[in-house]
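See the structures that follow.
Same chain, two partners: chain A is paired with chain B first, then with chain C.
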Partner chain A sequence: MAHVTPTVSRSRATSASLRLSVLMFLADPQWLIPSMIAPVMFGLVAFELFRGAGHYYLTYAILGAGMMSMWGQTLYGSGWAIGQDREFGTLEPTIGAPTPYLYIVFGRVLWNVISGLIGGAIVYVVVLVAAGTPPPVANPLGFVVLFVFVMLTLASVGVVFTAAWVYTRYAGFIQNVGEFAFYVGTGCMFPIVILPFWTNPIGLFFPPTWALDALRYLSIPGYVGFSWGFWWDVLGAVATTLAYLAVAGTIFHRVERHVLASGDLSWY
Partner chain B sequence: MTIPPAVEVHDLTRVFESRKGFLFGEHTRTEALKGVDLTVEQGSIFGLLGPNGAGKTTLVKILSTLLLPSGGRAAVLGHDVTTDAEWLRPRIGLVLGGERGLYNRINARDNLRYFADLYGIPGSEREERIRAVLQRVGLTESADRRVEEYSRGMKQKLHIARGILHRPQMLFLDEPTIGLDPKSARETRKLVRSLIADGVTIFLTTHYMFEAEELCPELAVMSKGRIVARDTIPKLRQLVGGDRTLEAEAYGFEDAEVDALRRLPGVSKLVSEEYGPRTRLTLRLQSLETTPGDVSATLPGHSELTVRERRTSLEDVYLDLVEEEAQ
Partner chain C sequence: MLASATATRDVPRISFWRTFWTNALIAPRTTLGFMRIDFVLGTVFIIPLMQMVFFVFVVEIGGGGASEIAFTALGNAVATVTYSSIFSVCQTTDSEKQQGTMEHLLVSPSNRLALYFGRGLLPILISLATVTVGIFYAVALFGVHIAPADYASLGVSVVLTAFAMVGFGLLLGGVALYLRTSIILGNIFLFIGLLLSGVNFPASQLPAPLEWIGYGFPLTWGLDAVRASVAGDPTGVVGLYWLAVALSAAASYGLAIGLWKVFEHRALATGSIARF
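So, the complex of A and B:
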């Protein structure tokens, strides 16, 4: 057996992690509930809430319900994947591999973004069927570009939150408490401008808050969100996303060091 | 160019601190390693024996870069485990074994594909490499079955397959046959021997004496976080009093009889143990002068006396050393 030291490709590690996530998803039907059934419920509830509010509010409904579905999948699913690694005892051999763990997490988050998109698409189809007409979008091309960017903002938060699962086996507690607060606080279901003023600064710490407001400006004529308007929303989203990605880059190295020091990698 | 030792450990310590309870819980502090010194050369198999809780797994995890030491220094293949983990990880393999550590809901082949990619095995070689290791560990037939359907022995084989997939220079095996049936354990030992033949340096921990005796020309005994002895098996036998052991068993002995046995020629050590109503005296002998007949003659008047001679086993060595450390 010849000993040849391989060069580890980070993109290959990410794609391996993505592939593993798909296999694990397909092997475990419990995910059908958050990824397939919950979006149908979100779509129907949102449609009923906004059906009498005007034509463009259908788009509003789709955005709200779709984001709820995607937010849950991206954030909750990414953390949960690491929690599963703890439970299976696979976190230890994975951390012990030569690939920096951050790139493995990217793969997990990427899958959850894709699965979140599937949830978003389901909401779209549900509202489309319920309304009997395609929801109008004021600027379709801009909508698509911004929509992809919204997913990136969700993923950036997902990566940072995933670090908590590596850091401690109790991360599920924080995430369970936080999940619904994030729905409201980031304006997934409705714009946070209608919440009490003191809550707004909290929401602004999260990139999706900015990106979602921008998306509503772009797709719903006459929408009034944050008073600073569309371009400042975009700028805020870009800045906070970059900040999250920078935090992720440094936090993972520290988290890895912490778990190697604490010796609780195999605990669950 | 001089070849660095496979393992070089100096004054290594590791303390685990934990808190029971969420807010005001009790703080616990456990010293798992208390100043371990050890050097292992490359190119063979080295055994680390010790009872549960001796610190074997802690040492292996530190050496395989999965745990940071609290103090001291540890190097593998000449590289520090704390500062050169990036260099070391592609060159070492770790088999922790057990039921956990595998993706049970997917098949063995996909488990190996995942880790092949994380270890940077070239895409063009990946499938062939996986086929070869599956064949080597005897899992070819069941490679496409979900791991959750595997027996304990098959899971252990998959752990080993993953550990050798990237062709490491050094392999750490932490109790690789624990919980296996005799047939699976024998197959695992055969596999380990074949790896040695391939030039892989192996660091094996076990608490099975026969396994250590069968596989390891040299070993260390660990107890309560310390290395209490380290040598070849014949020399370890000498360390605990000799190659020959005589055992005398009866319903109790007088102190004077025990003293008389101690004075027999070549007796280096005498241990007395109670087994219900019976007492067993174990004598370690450094020479051939004293025979079972001499022992019987020294213990007259015991109608139920049994005396037998046997070779000092590694288990005797181990128990003596661990007992001495406990005292």
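So, the complex of A and C:
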């Protein structure tokens, strides 16, 4: 009798991975810190610092803190997406399963994006209560569309981090020590054009830098970001996001080959 | 005779300083084992710079001038003390539980003050280094001016703040004994200081109830002492802040030890508190 490989639904694997991520989030609520607690504090601090600086600075504070929420979840959550398999000893069996590992990780990254978004919504509500007035947004519909796109750019970074951190012991170091560097470098709370010029190319390596600049161009009248303007920001964000996804695919392919060849990737 | 063998007088007495030094030397390899050299160097040199840059630029884009920037830079330079003093110390409780040594610790006859204070020695030293580097950044990059005559006063303020914050970390570690994890608790107080302790803007700008809560934290008093030292206030004025910091430190250490005793009694009664 010929060997029959069982048919596996990739979407089902992804939804199961997503469900498991939700359950693990609820069981170990330490992930509340990067996605919700810290951004709310940063949002309130920024609100206080921007007080009296103009109506649109409320948008700055909310957008910045919301972005930090999603960044935090990407940085910590996605870094842990493969790390958890290593720690639990489930990396090799999961990769050996018929479903491509990428679809398992995609479910985890998807939850990171969702929880980051929930954190952003909490930031919005808290700062709104503190301010007593909703932030003005010049183009609400465009804002929503572009905001979703910003999330996608962050997800692409998350997938690369997930894959790349298999090969390093320093994921925890990068997460903890580099947290503020990511916030500064990608212009979460302010446009990176106000940073020293030599830092700008570093920030442009990250898709969210482009996307966030475009989002500010769209929602804050008179915003001064990159001199090339809104549409080049969008183009840059799309290009870097695609590049990140390509890099992630390559690294994942390598990780899978490595595991199949060595049978062990838990040691590093 | 069995009874005399277990009598209190026959339990060997261990000196305070021996317990202190033993814990100070062993903790970095056990409960503080997560503080690898790269992590420590990052905490001392990178985190203060990045945190200061972040908030300074937020102030700048919000229209703040040189004085506001200097205020924020100095505040964040001192606030970075919390990474080592609160977060690391608080997490030692988790380490004890994970390593399965909590039960042994709870039945140990060692002096508790020496035990906990000894464990806090490394975080105190790292806290001092972090704040020193942070203040250097504030002076070199963000226009904070400190007159040489104020160095000694500033040094006393920084040392007292570091001690007080480690005491507060031990207090949170005591609370964390009863929790599944200390990470959330440590982080809440790590970030809440940025809002309530006058790090980025004067605490007086806050609504009165939040300002009072802010003055419940040693960091708020420590920051006031540091700012008074940097401003060149007379010793009589700075001395009052030192007294407040010292009192908050004593309160933290006292509460920490009291809390640990309460939980020790509960642990001995239930036999289950070390689990999570």
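As a working rule, the second predicted complex is superposed on the first by the 245 of 268 C-alpha atoms of A that agree within 3 Å, B and C clash if a C-alpha of one lies under 4 Å from a C-alpha of the other, contacts with A are read in each partner's own complex, and residues count from 1 in each chain.
One rule holds in what follows: contacts are C-beta pairs under 8 Å (C-beta built on N, C-alpha and C of every residue); 3 or more make two chains touch, one makes a residue touch a chain.
Since we're looking at a predicted model, the values are computed, not measured.
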Practice problem: Could you say whether A:Val45 touches chain B, chain C, both of them, or neither, answering first, second, both or neither? | Solution: second
Exercise. Report for A:Ser9: first if it touches chain B alone, second if chain C alone, otherwise both or neither.
Key: first
Quiz item: Regarding the shared-chain residue A:Trp231, is it in contact with chain B (first), chain C (second), both, or neither?
Solution: neither
Practice problem: Have a look at where A:Ile37 lands relative to chain B and chain C in the superposition and call it first, second, both or neither. | Solution: second
Quiz item: On chain A, what residues does chain B touch that chain C touches as well?
Solution: 28
Quiz item: Hey, which residues of chain C end up touching chain A in the complex?
Solution: 36, 38-39, 42-43, 46-47, 50-51, 53-55, 57-64, 72, 181, 183-184, 187-188, 191-192, 194-195, 200-201, 205
Quiz item: Which chain A residues qualify as touching chain C in the complex?
Solution: 28-30, 32-33, 37-38, 41-42, 44-46, 48-53, 57, 60, 64, 170, 172-173, 176-181, 183-184, 189-191, 194-195
Exercise. Note which residues of chain B are touching chain A in the complex, please.
Key: 14, 16, 58, 61, 64-68, 86, 89-91, 94, 96, 98, 100-106, 110, 113-115, 117-123, 146, 162, 164, 166-169, 195, 198-200
Quiz prompt | Contact footprint of chain B on chain A as seen in their complex | solution = 1-9, 12-13, 15-17, 19-20, 23-24, 27-28, 88-90, 92-99, 104, 257, 260-261, 263, 265-266
